[in-house]
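Submitted below is the structure of interest, expressed as structure tokens.
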Amino acid sequence: MLIHLSSWPEIDARLKSDHPLARAVVVPIGSNEQHGPTGLLGTDWLCPEIIAHAAEASDDSLTVAPTFNIGMAQHHLAFAGTISLRPSTFMAAISDWISSLARHGFEHIYFLNGHGGNVATIEATFSEVWAEWSFAEARPQMTMKLRNWWDLPGVTGLCNRLFPTGHGMHATPSEIAVTQAAYPERVKTAAYAPQIAPVGPIRDALDYRDRFPDGRIGSDPAQASPAKGREIIDLAAPALIKDLHAFAAEPLPQD
Amino acid sequence: MLIHLSSWPEIDARLKSDHPLARAVVVPIGSNEQHGPTGLLGTDWLCPEIIAHAAEASDDSLTVAPTFNIGMAQHHLAFAGTISLRPSTFMAAISDWISSLARHGFEHIYFLNGHGGNVATIEATFSEVWAEWSFAEARPQMTMKLRNWWDLPGVTGLCNRLFPTGHGMHATPSEIAVTQAAYPERVKTAAYAPQIAPVGPIRDALDYRDRFPDGRIGSDPAQASPAKGREIIDLAAPALIKDLHAFAAEPLPQD
Amino acid sequence: MLIHLSSWPEIDARLKSDHPLARAVVVPIGSNEQHGPTGLLGTDWLCPEIIAHAAEASDDSLTVAPTFNIGMAQHHLAFAGTISLRPSTFMAAISDWISSLARHGFEHIYFLNGHGGNVATIEATFSEVWAEWSFAEARPQMTMKLRNWWDLPGVTGLCNRLFPTGHGMHATPSEIAVTQAAYPERVKTAAYAPQIAPVGPIRDALDYRDRFPDGRIGSDPAQASPAKGREIIDLAAPALIKDLHAFAAEPLPQD
Amino acid sequence: MLIHLSSWPEIDARLKSDHPLARAVVVPIGSNEQHGPTGLLGTDWLCPEIIAHAAEASDDSLTVAPTFNIGMAQHHLAFAGTISLRPSTFMAAISDWISSLARHGFEHIYFLNGHGGNVATIEATFSEVWAEWSFAEARPQMTMKLRNWWDLPGVTGLCNRLFPTGHGMHATPSEIAVTQAAYPERVKTAAYAPQIAPVGPIRDALDYRDRFPDGRIGSDPAQASPAKGREIIDLAAPALIKDLHAFAAEPLPQD
Amino acid sequence: MLIHLSSWPEIDARLKSDHPLARAVVVPIGSNEQHGPTGLLGTDWLCPEIIAHAAEASDDSLTVAPTFNIGMAQHHLAFAGTISLRPSTFMAAISDWISSLARHGFEHIYFLNGHGGNVATIEATFSEVWAEWSFAEARPQMTMKLRNWWDLPGVTGLCNRLFPTGHGMHATPSEIAVTQAAYPERVKTAAYAPQIAPVGPIRDALDYRDRFPDGRIGSDPAQASPAKGREIIDLAAPALIKDLHAFAAEPLPQD
Amino acid sequence: MLIHLSSWPEIDARLKSDHPLARAVVVPIGSNEQHGPTGLLGTDWLCPEIIAHAAEASDDSLTVAPTFNIGMAQHHLAFAGTISLRPSTFMAAISDWISSLARHGFEHIYFLNGHGGNVATIEATFSEVWAEWSFAEARPQMTMKLRNWWDLPGVTGLCNRLFPTGHGMHATPSEIAVTQAAYPERVKTAAYAPQIAPVGPIRDALDYRDRFPDGRIGSDPAQASPAKGREIIDLAAPALIKDLHAFAAEPLPQD
């Protein structure tokens, strides 16, 4: 069930049902940022959306929230089209999403993340949310989990097999392949050099552009193909369902 | 050109071109909130997205940002599936979007809005952004505009003709028709009474639910149909293009 | 009863009484900003104060708070004497006023506003305040209303009759007339051209000064006179009392 | 010159003149809070306003801003009619006032304060404003001063002579006398006991009400009279002018 | 008992005991900032730490928190090694310390302060914390006190006797003597002129450095010696214990 | 050179020198939180302080800031003595430390961290700081690095050799050993069971206490000894010096 394509009575009925996933929700979360000479700017929010929607299409008992499409991408701001929230803004926004979902009775809020640069801020937000309860000596009525889609069981192994060299860390062939599978009419090609991009630390936007002139880090995205992307999606979607079931099975503590 | 389905070099080239719309960008913005017994929770962000994407499909010279899909919907929080930002959070997030887009050289940032409840906060955000420049005695490098899609020239007139009674203010047949045109497989029906919902002031979430038990305000959404939605889209999309051209033609002041 | 010229036991007794307006309070709110070549910088906070105090003078059962005299005037900052809060600051301050008044048992908080530029931020603040309750699934113990003084029943009609041309939107003859009636010793004259000022969009302070070099928008303030101002006050004050009664008669919802 | 009763060209001309006080401004600042059984809720903002306006009336070369009428009065919130800002809100608001005034070229911003409870927050705000410059290794274009009206040279001595016993710290006969001189029609009487109120620490609102049931601290306000108030004003107003001249004579440092 | 050198079961047992100081805690708080040509940058946090630890060493019934070592020192930022929080940051941090300690049942939280520049912000923080309770019409479960170490009974008298001239206000011989007693191997000497530093107002960092080129205000720190420092500590430590007992003996109000 | 035990002229001279580490600074950062039945509450800030001070003692060319002793420990708040900042507060405070140090010309700011729970928030803070520069299209004048002390080259290997079983994740024998080496008089013993504590996810404070009743996660801290701690320190201190040299050798990018 995609929340945004459902009516409120449908969500209400779902929440009141006794399905194991009734009060669990998947929030695809990513970033809109440069992905090298050929990658789509939306790659990092499209990938978790594609996987979550594929999972939902195969099993309607999943509830999927709209996609949180802008994340923490300050280091990519020297490349046109990148949109970033400051970490403090990102924290406030995630926190309001969580409060909204918890307000309705969602007890297991699962963020399926598509951008490594989001991880620290999402985790800090979880702590900010927990802290409200911890200072108040009270029990929260929900719990939260962060999962990067490439950390779903089996996915990284598959990516390594598909792209034994030149996978890299940004504008990777695996994430680009996932978007190619979903948007085959948007496959782009470009010449780039070196074949495998350099690696290095991530700092501010101008420093990033100095180090990684075409935006890639350690990757050779031309290895991507729609077929490989489909293979990844086909592995990731059921892995997500299984992972969500495990999470939703954890009871909330009570006094 | 949809930013999220483009690469950064494509956006970069667009920004450096001399097309009249080269440095203008449309940001669809809305809300994910209950829309009565039959409306989609995503209605308010889907409508501007549908219209903006239709405009872009007919004229690639438009640049369209990803959709800002969560807005100010605190009053709908007593209905399942609603997700809301607090106004202060919403302001911070919009401000970061604007800063990001301006950073790349977008000079005319046009928000196509789908939710009346967003208007005050978006306008307050514009003032917050302008204030940074005004206190500093400096000239901003961009300008911003807010347009509700129903205020595009001709649209309200058409809606009044299509739905002479029972249009109302929330869960209106016009907005629901727009989503039906785009998602015909998601058309929902439900019995509701009274045929035309009551009207009244908007306050907090529990008060809202007391006043408007099924979520509608003044509307009779069963009048919606995919065909009527298509008619609205077909009028709104070219009106958007024209409106954007007028906005983009305003020069930025310089000393 | 003017709060600031009363003692706390007087306000306490009022709150505990059973008068229909016992737990209602009027807060005059405006802005301190340029009002063209002849208007007082205080015009926008003086007008609601003048009207509210006139109403209170005729009917002591009104409770009037001190005047909130600085609002959102960032666009006027290029003119000497303007003082502005940022929207975010304005929201925090209004919110604390509301919390203070509600703390004492005021249940109907009525803002009589004198500055169009305040409207978006005041409405966003109301949403921020409601959101606290909406996220908490709780009922607020008060309700709030915003009314511009020129929207009091009959007032705009009268202004249009008094000033059929050249009323405009800023430094209008009607608002200047109201201040002239109250401060006849401060009536100022100045040559200005054109007779009716231009109109246009409102953005940052330097842009504003470019578009509206003497500060006026669309107005010809020389048409103002103390007598006309008195006429407006005499209409607005009883309209305020009546409007407040209607608002105060709305019961707070309870479970 | 009272800013709110002047036009912007008048303030503009003043700022460009070469009078020693041309770029100095007095901001009366206080609080709206209970002042015992007989004191006006507005006492703490009325006193600095009365004194500043008296000084301005005797010497038009003073520029006086509108009165900042709501301050930090959280400890008085258990008494009806008190309105308080949180310290963090108060800081943001004062900071915006300072930024606005500095924007126009005011170089010496002088806060004439009427509420002891404001002092810490005003001083913290000054530090917050200075910090912006200090972190940036830059020179501010203005300087700020805080002066409580009772600390104007000679005033405390006079108050001690007028009220050798029972002056106290809150709802003092001296401040009440000042308001009586300005608002003789608002003189209130009430029985209270003990004749001289107790003293003690200031904490939260409920604790305050426990310790000081009628709101007074250490004072016997019945000793106030309009004549004594006039005596205080007549001393304080010229002391303010002199103090402001001394402050305005300090040059701003330059590199 | 030093919290940071104790285990949680030890603190837990202490809190549950019936000792008069069981639920009282001393928080040494200061600043890391320049202290003239010879003073240690840590002087202002070392002094309260030294005194509190000396007191605890003589009487284990004192509970001493870790030292809050960075305060409000924006005016010293033009001197290398100074670290400052903005007042708004400082307030947030102190507030979280207080919330943490109160969470465990500490009812009397006593800040032993070593930096005059902290006072306004600490007091504003107390008001911010109280305001939470005051707006909510609730009773806090703790109370707070601020004491500068030089205001402990007898200490200023001793300092005046030890340093009848040239004590001054910053980089004073008394505070430097206290650090010399504790860190005799870190005694520094330097030539400076004039022998007694100038005095004046405190504003931003560049202004401060203009006025006080070597950092001192009004002081002649070469008069310090480890022996004099020991004398001060030996007086201050028992004074702290006595003062804390008096504070801890105040019962928390209850309804 | 320990900043807090130095004078400002000493730090100033260091900054102006041409030593490879002249403009590098180590900031020990940790947390004050429960460390199981025997660990010191200060363990997480004491460990990086002990290691950094040991390094400085062996090589005075290191500049070490005061210790940032309170971090993000919301999950430990159900255990007495824990003090935590909220992530948002922590971010503001770290940011002010960085701004202060950068203000003086420190170009390489190295955080030696002692608490895993701090990592996300520190990294989010770095992004917040970088974002200021990235949005402004400007180059920062410093760079930052985070290193957990156990990630210094060789340290984890040694810890695994010393404690092949029962090392765990919280209240580990290695961190407790480090504090025992530095504070041998504070070695504590206690009976606990099971010998090796359980593991699990970290959420809010009450949940944490349910899962980990005595505070430990996966550890058997009784294996700690002062001698083992000394071994760890003796490895970590030179590793820190080497790591800092490598970091300080990275030039800041320039246009």
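All chains are identified by letter, namely A, B, C, D, E and F, in their written order; residue positions are counted from 1 within each chain.
In this text, contacts are C-beta pairs under 8 Å (C-beta built on N, C-alpha and C of every residue); 3 or more make two chains touch, one makes a residue touch a chain.
Labels paired with UniProt names: A, B, C, D, E, F = Creatininase family protein.
Since this is a predicted model, take the numbers as computed values, not measurements.
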(message) Give me the set of chains touching chain B intersected with the set touching chain C.
(response) A, D
(message) Among the chains here, which has the CA centroid at the largest distance from chain E's centroid?
(response) B
(request) For the sequence-identical pair chain A and chain D, determine the rotation angle of the Cα superposition and round it to the nearest 5 degrees. (result) 180
(request) Could you give the separation in Å between the centres of chain E and chain F, each centre being the mean of its C-alpha atoms? (result) 25
(message) Roughly how far is chain B from chain F, centre to centre by C-alpha average, rounded to an integer in Å?
(response) 47
(message) Residues of chain E that contact two or more other chains, please.
(response) 77, 84, 86, 88, 100, 103, 134-135, 137
(request) Sort the chain contact graph into one of these: line, ring, star, complete or other. (result) other
(message) Per the touch rule above, enumerate the chain pairs that touch, sorted by label.
(response) A-B, A-C, A-E, A-F, B-C, B-D, B-F, C-D, C-E, D-E, D-F, E-F
(request) Going by the contact rule at the top, pick out the chain F residues touching chain B in the complex. (result) 134-135, 137
(message) Can you tell me which positions in chain B touch chain A when the two form their complex?
(response) 3-12, 14-15, 32, 34-42, 45-46, 65-70, 77, 79-86, 88-89, 92-93, 95-97, 100-101, 103-105, 183, 186, 188, 190, 215
(request) Show which residues of chain D lie in contact with chain E when the two form their complex. (result) 72, 74-75, 77-78, 84, 86-88, 91, 117, 119-121, 123-125, 127-128, 130-131, 133-135, 137-140, 143, 203-207, 210, 253
(request) Would you tell me which residues of chain A are touching chain C in their complex? (result) 99-100, 103
